[in-house]
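I have placed the structure first, in the form of structure tokens, so that the comments after it can refer back to it.
Just so it is clear, A, B, C, D, E and F label the chains in written order, and each chain counts residues from 1 on its own.
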Amino acid sequence: MEHAVFTINNVWMMISIGLVFIMHLGFASLESGLTRSKNTINILFKNVMILAIGLSTYAFFGFSLMYPGEAFAGAYFGFKGFGLPLPNGGLTETYNMGYTFYTEFLFQAMFAATAATIVSGAVAERIKINSFLIFSLFYVGLIYPIVGMWHWGGGFLAAMNFHDFAGSTLVHSVGGWAALIAVILLGPRIGKYTADGIKPIFGHNVPLATLGVFLLWFGWFGFNGGSVLSADPATVSLVLVTTSLAAATGAVGAFFTSYIKFRSYDVTMILNGVLAGLVGITAGADVMSPNEAMIIGAISGGLCVLAISMIDRLKLDDPVGAISVHLVCGVFGTLAVGMFGDKAGLGQLWIQFKAIAIIAGFCCLTSFIILYTIKRTMGLRVTAREEIEGLDTHEHGMTAYPDFRLNEH
Amino acid sequence: MEHAVFTINNVWMMISIGLVFIMHLGFASLESGLTRSKNTINILFKNVMILAIGLSTYAFFGFSLMYPGEAFAGAYFGFKGFGLPLPNGGLTETYNMGYTFYTEFLFQAMFAATAATIVSGAVAERIKINSFLIFSLFYVGLIYPIVGMWHWGGGFLAAMNFHDFAGSTLVHSVGGWAALIAVILLGPRIGKYTADGIKPIFGHNVPLATLGVFLLWFGWFGFNGGSVLSADPATVSLVLVTTSLAAATGAVGAFFTSYIKFRSYDVTMILNGVLAGLVGITAGADVMSPNEAMIIGAISGGLCVLAISMIDRLKLDDPVGAISVHLVCGVFGTLAVGMFGDKAGLGQLWIQFKAIAIIAGFCCLTSFIILYTIKRTMGLRVTAREEIEGLDTHEHGMTAYPDFRLNEH
Amino acid sequence: MEHAVFTINNVWMMISIGLVFIMHLGFASLESGLTRSKNTINILFKNVMILAIGLSTYAFFGFSLMYPGEAFAGAYFGFKGFGLPLPNGGLTETYNMGYTFYTEFLFQAMFAATAATIVSGAVAERIKINSFLIFSLFYVGLIYPIVGMWHWGGGFLAAMNFHDFAGSTLVHSVGGWAALIAVILLGPRIGKYTADGIKPIFGHNVPLATLGVFLLWFGWFGFNGGSVLSADPATVSLVLVTTSLAAATGAVGAFFTSYIKFRSYDVTMILNGVLAGLVGITAGADVMSPNEAMIIGAISGGLCVLAISMIDRLKLDDPVGAISVHLVCGVFGTLAVGMFGDKAGLGQLWIQFKAIAIIAGFCCLTSFIILYTIKRTMGLRVTAREEIEGLDTHEHGMTAYPDFRLNEH
Amino acid sequence: MKKIEAIIRKSKFEAVKQALHEVEVNFFSYWDVSGQGNEKHGSVYRGVPYKTSDIQRRWLSIVVNDDFEERTVQAIIESAKTGSVGDGKIFVSPIEEVYRIRTGESGGQTL
Amino acid sequence: MKKIEAIIRKSKFEAVKQALHEVEVNFFSYWDVSGQGNEKHGSVYRGVPYKTSDIQRRWLSIVVNDDFEERTVQAIIESAKTGSVGDGKIFVSPIEEVYRIRTGESGGQTL
Amino acid sequence: MKKIEAIIRKSKFEAVKQALHEVEVNFFSYWDVSGQGNEKHGSVYRGVPYKTSDIQRRWLSIVVNDDFEERTVQAIIESAKTGSVGDGKIFVSPIEEVYRIRTGESGGQTL
């Protein structure tokens, strides 16, 4: 019986690995769909490499940084050593009733790479490919696991009773803060903010972006569902329901907000609304009722539409809305744990707030240091000519759609 | 042991949720691939919103309408109350050996939204977006759950021994009848039926349509596999085999029919053939042998090719072949339960026939009432200019492929 | 307890079926993305039909050829009879602790079709559709199951202690050898090798190709994970880790090789690198440590980049790099079992080598006979005009992107 | 011979084609262009309102014998008109020589 | 100076390019057009047989000095011919002035 | 009236549009073409190094009254120049008649 349950749990966790994996395809599709065709190869290249680099560095040291073991409980930093030495009994139920050591590693490794991908969307169409890869290496390899350790690795935030179920803060805002800093340091795309106001720069392939969002939602079944760390029917099924309902009302919230504010049926806003709902519910997916999830989703969806438009007015150029979706809704979702559901209460709200602030400080600082150093040394941004003619031609010597006749934007 | 089996069953059902979810991406891709690029945003918008609306209304009242509980056994209508109050023990094996209350809800909710999506393809490229959303609201929110209750909810069709395993009739023809009524009320797309005969209107992105069909097949593993309502190895593995073999021979049937009749290697016909096989086997996937499944698939594939061409000659303009696939093969598949497999027999055939007729009557009537009311009030169809210039520009103020140079059709 | 474990195992195997199924979409996307838009319909058509034909023939006789039963242990050939008669107890744990008879059939059937798909990419853009379908019928229906029987069916290679966990040789090189023979018999695409040297022929849709590779990686979780033939947590989780890490380092290996050799950031090379890593680890995914998997992946990734360029210099025109990925890395991966991991040793290396050679001989011979016969009778290659104007117009009478303005290549 | 170039709304293409066939102008070439003209089109994308003066148009290029000039121009004007700003323009310019590639022959009879 | 416009089959483009290079016409522009011409093409889509007179063609636009006119036209006719209906047309028209943007210079020597 | 056709780099399009607006040329049509010219571009695809002389360009077609010719040409030359090979060309040719489809009127005042 023990063994059977262990096996089921492990099967569910392995499925979740696959689902989180597919989110990388989701991000690649969404980001390339919402940007211009002349930079498509660049985005695809980045997204494949982030995953490859993320998995590799996480195997080398990231996992040991994030889960250094019980000796570091309540700490700020820990490290178990390089590589993935199999602990004693690491493949049986003595390791953990929910999963084997290898399953745990791979699930966490797939998560790790998402943080850098979030940044990728925000800096699209103007960052140098090498600079971005180096940034990713540090951010996914070091910063993400260190922050992760604070809570999921048993560090001081765990001791503080911070609740962030699947990472509204630990994943999404960790990516979101870096995206914000990167967008500030990089500046907007040429032609976005002109003397006569903001100029829209259209995403070149909306079906691709839509595919991306559906795949992200699909992947979120594993992102949130797997974060239960077992196949426990009660919790996992609740989590899937809260996740899906928040995504659905995220779309509805974005629909109404965007219709009321802009009189527009803009599908990209609905897509961002879905993601906003998903990010918003992620911190509290296990402690909300379906109704509460629907409220959180609807608010996140609306918030994200407003945030996209506000961030644009601040002249922060975020081509795919990554800051609005992952940072703004990540913060909201984390606070929502103190406002709705089983843990609601001022005390919890204050804990949530403190954790957000601490992580904000750390992420902004470290991403600033990494990005600023890159900027001063190898440079962050391509030349104006490269940007105008497209990163694909200049950095990759190829185009994404050679058989199609294109309009240049 | 009990708990382990319950957990496994629930894992399988949760996987099926994910698979049925991905069918919505499949439909979105298929429908936009088989229509013109000027209406792509519109189709994507519709498909995302149907899912969002479908899940939300099903949470509010649809689920309670469809599964009102044992008190309504054998009835025509029942309602358990608004929202999703968790029944006592709803998350343990006392609720059901196969799944928790939340798992059940979400699986059924994902199903519900598919019925409206079927209509979406048939009315594409000319229906007003608001009118369609309102129609969906009623059809998914009310009509689908009421019909569903008749059989799956324990209503009078269940009492009659009607057999519709996963919904050839309850899902596919429910959508298909409404599609038929909608196509009649809307009329054909401008330029389709001209004085010199039928003019083909080409789907703009065949790889996208192909992606859609593969994803639908993939999703069908959950649609049919999950309809077993447990992970029972014997039944589920049989169902997956009958499902996949019917899809395969659906393609083969369509291939030969289309080659013999039109001397053409038209991939869109093959794609419809796959779906036809899937729809055809859905009613009897649990009572057919692999051989019988292959026969049903082959017939469905051929039937669908003939139906597409016949429906076109009737000047019913169905851009994606939804009526042929979901209605014609849905009806055939339901009758096939009386002709092949464990339940074959004249008695069963008569029951199948009666159920089809009753549901046909109800769906045609209700969808006519809803659609006709919309037609007389807010209108069903966009203006000719909007249709010619494209719904994307007029209803959404954006285009799906702004970087590509397009031919206008 | 027994029953619970049986049920879980069977669930995992059914999931693997779904994952291997989705690889067919991956191949279809990759192949059409890496070829020209004028042949897209043709490739999609081929890939749907291969799957349909593959599943059907495998049901008719392939499965019985490949798994003829214990009576044929150590043999060269066996046959159990036509169709899929359900063995006694075939749906319970008495059949096998890991899966039911139907699950086994469907898992193996999904595998079978991949071998022909590998060929499909190599011969793209110039083979006659009918000729290819007939070739597939024989290769998937007869050759693949016969070879498969030698090892997985308990034949003489199994007796020899050959180790090919999930088919670096049994699937990938079986496809790869036929691809090689077909490429030689067909000759290069017009315009590829000219008097002034090699001319690149660009893939028309890189996002589609990228989607394909992500889906293939996703599918490989089932291809390798399902090849454990149970949900055993220890082995399956190890296999998923070795598989994913090899894919990741495959990308990294391709990145560095392609950068050092060509100074290029060519995303298609990275994509091939991912696949190379996956193919390379497939033979030994269950006997490698994570570190060894990373080494095998990195070597495969680099190897594949070099092979692509070398094969091109040999004037073997392989549009998608199928020979480099599936044959070269398939052979390397099979040999790697003798060089790394639990089974490493000269003895094993020699066994691996012998098995590769025997299979090479058989596959080259049989595919030559089939292809040469077709060439002499119905012809293998379309006319020059058909090739230049595109197979879609000539063989299918339609185009993949009718709304887009295209460049002709 | 004259070259008649017409810039029309894409949505009027079928009507113009019909009208040209009626005056027996059966051969022409066309492609899609963007136009900067009088018509402006306003919308909102991701919360950013925008106006574009960039309009999608279809460019017809028709080479005719001199005696066909009048009726071709008239056929286009009548069939392409909607009356709102943005209907497009017609330009007439001289053509010195015409060859039919298939036969190599030249002159007005090849049209 | 003359503008030579040629409408050719796409499949003949490489041959024409080659032929033009051989007569030392190295500079030109081209784009894809649809043509209404004599050639018809029949097929079936989703069970509907159709004939299209809408043919994909490539449009070459070559501005040359007067003394290049003859050989350019000949090169195109020879290389673009297949002999079946639909080979296309060549139009020659006058050009009054030419400028090279890079230098601002004008006249025939810029070609 | 004159037709001014300019082949420019796509990346210079916004600058040229601006410059044209400044000299009050507000109406024109444009499309994308490929060009065979002096500029060559080298790269590597799947291990195969290649050089292409096929450059993506934008083709502007502007019909103006005679007195606008000079300033239009100047505006384009100034705004489209980068100084490196491949900046493109401007061709000027005669236009005999112009019609505005919306109103049917003809002549220079319609421009």
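One rule holds in what follows: a residue touches a chain if its C-beta (ideal position, glycine included) is under 8 Å from a C-beta of that chain, and two chains touch if they have at least 3 such contacts.
The shown structure was predicted, so the numbers you read here are calculated from the model rather than taken from an experiment.
A.B. asks: Check every other chain and keep only those touching both subunit B and subunit C; list them.
C.D. replies: A, E
A.B. asks: Treat touching chains as neighbours: how many steps, at the fewest, connect subunit C to subunit D?
C.D. replies: Counted as steps through touching chains, the separation is 2.
A.B. asks: With contacts defined as at the top, give the pair, D-F or C-F, that has more of them.
C.D. replies: Result: the pair with more contacts is D-F.
A.B. asks: So which of C-F, C-E or A-F matches A-D, with over half of the contact pairs the same residue numbers?
C.D. replies: Same contacts by residue number as A-D, out of C-F, C-E or A-F: C-F.
A.B. asks: Indicate the whole-number Å distance between the mean C-alpha point of subunit A and the mean C-alpha point of subunit B.
C.D. replies: For subunit A versus subunit B, the centre distance works out to 33 Å.
A.B. asks: Where the CA atoms of subunit B average out and where those of subunit E average out, how many Å apart are those spots?
C.D. replies: Measuring from centre to centre gives 50 Å for this pair.
A.B. asks: In angstrom, rounded to a whole number, how far apart do the mean CA points of subunit A and subunit E lie?
C.D. replies: The computed centroid separation for subunit A versus subunit E comes out at 51 Å.
A.B. asks: I'd like to verify one number: the distance from the centre of subunit D to the centre of subunit E, where each centre is the average of its C-alpha atoms, in whole angstrom.
C.D. replies: 19
A.B. asks: Show the residues in subunit E shared as contacts by 2 or more other chains, in ascending order.
C.D. replies: Those would be 31-32, 34, 43-45, 93-94.
A.B. asks: Among the residues of subunit C, pick out those that touch two or more other chains and give their numbers.
C.D. replies: 1, 4, 8, 11, 15, 202, 205, 211, 264, 266, 268, 397-398, 401, 404-408
A.B. asks: Going by the touch definition at the top, which pairs of chains touch each other?
C.D. replies: Pairs flagged as touching, ordered by label: A-B, A-C, A-D, A-F, B-C, B-D, B-E, C-E, C-F, D-E, D-F, E-F.
A.B. asks: Quick check on the complex: what are the subunit C residues that touch subunit B?
C.D. replies: Subunit C reaches subunit B through residues 1, 3-4, 6-8, 10-11, 14-15, 17-18, 21-22, 24-25, 28-29, 32, 40-41, 44-45, 48-49, 51-56, 59, 83-84, 91-92, 99-103, 105-106, 109, 129, 205, 208, 211, 395-405.
A.B. asks: Any idea which subunit E residues touch subunit B in the complex?
C.D. replies: 34, 43-50
A.B. asks: Please output the residues of subunit B touching subunit E within their complex, sorted ascending.
C.D. replies: 198-200, 202, 258, 261-264, 266, 268-269, 305, 308-309, 312, 321, 407
A.B. asks: Can you check the complex and tell me which residues of subunit F touch subunit D?
C.D. replies: Residues in contact with subunit D: 3, 17, 26-31, 61, 63, 93-102, 104, 110.
A.B. asks: Would you pull the subunit C residues touching subunit A in the complex into a rising list?
C.D. replies: Residues 1, 4-5, 8-9, 11-12, 15, 19, 36-38, 202-207, 210-211, 213-215, 217-218, 221, 225, 231-234, 236-238, 240-241, 244-245, 247-252, 255, 264-268, 270-271, 274, 290-291, 294, 401, 404-409.
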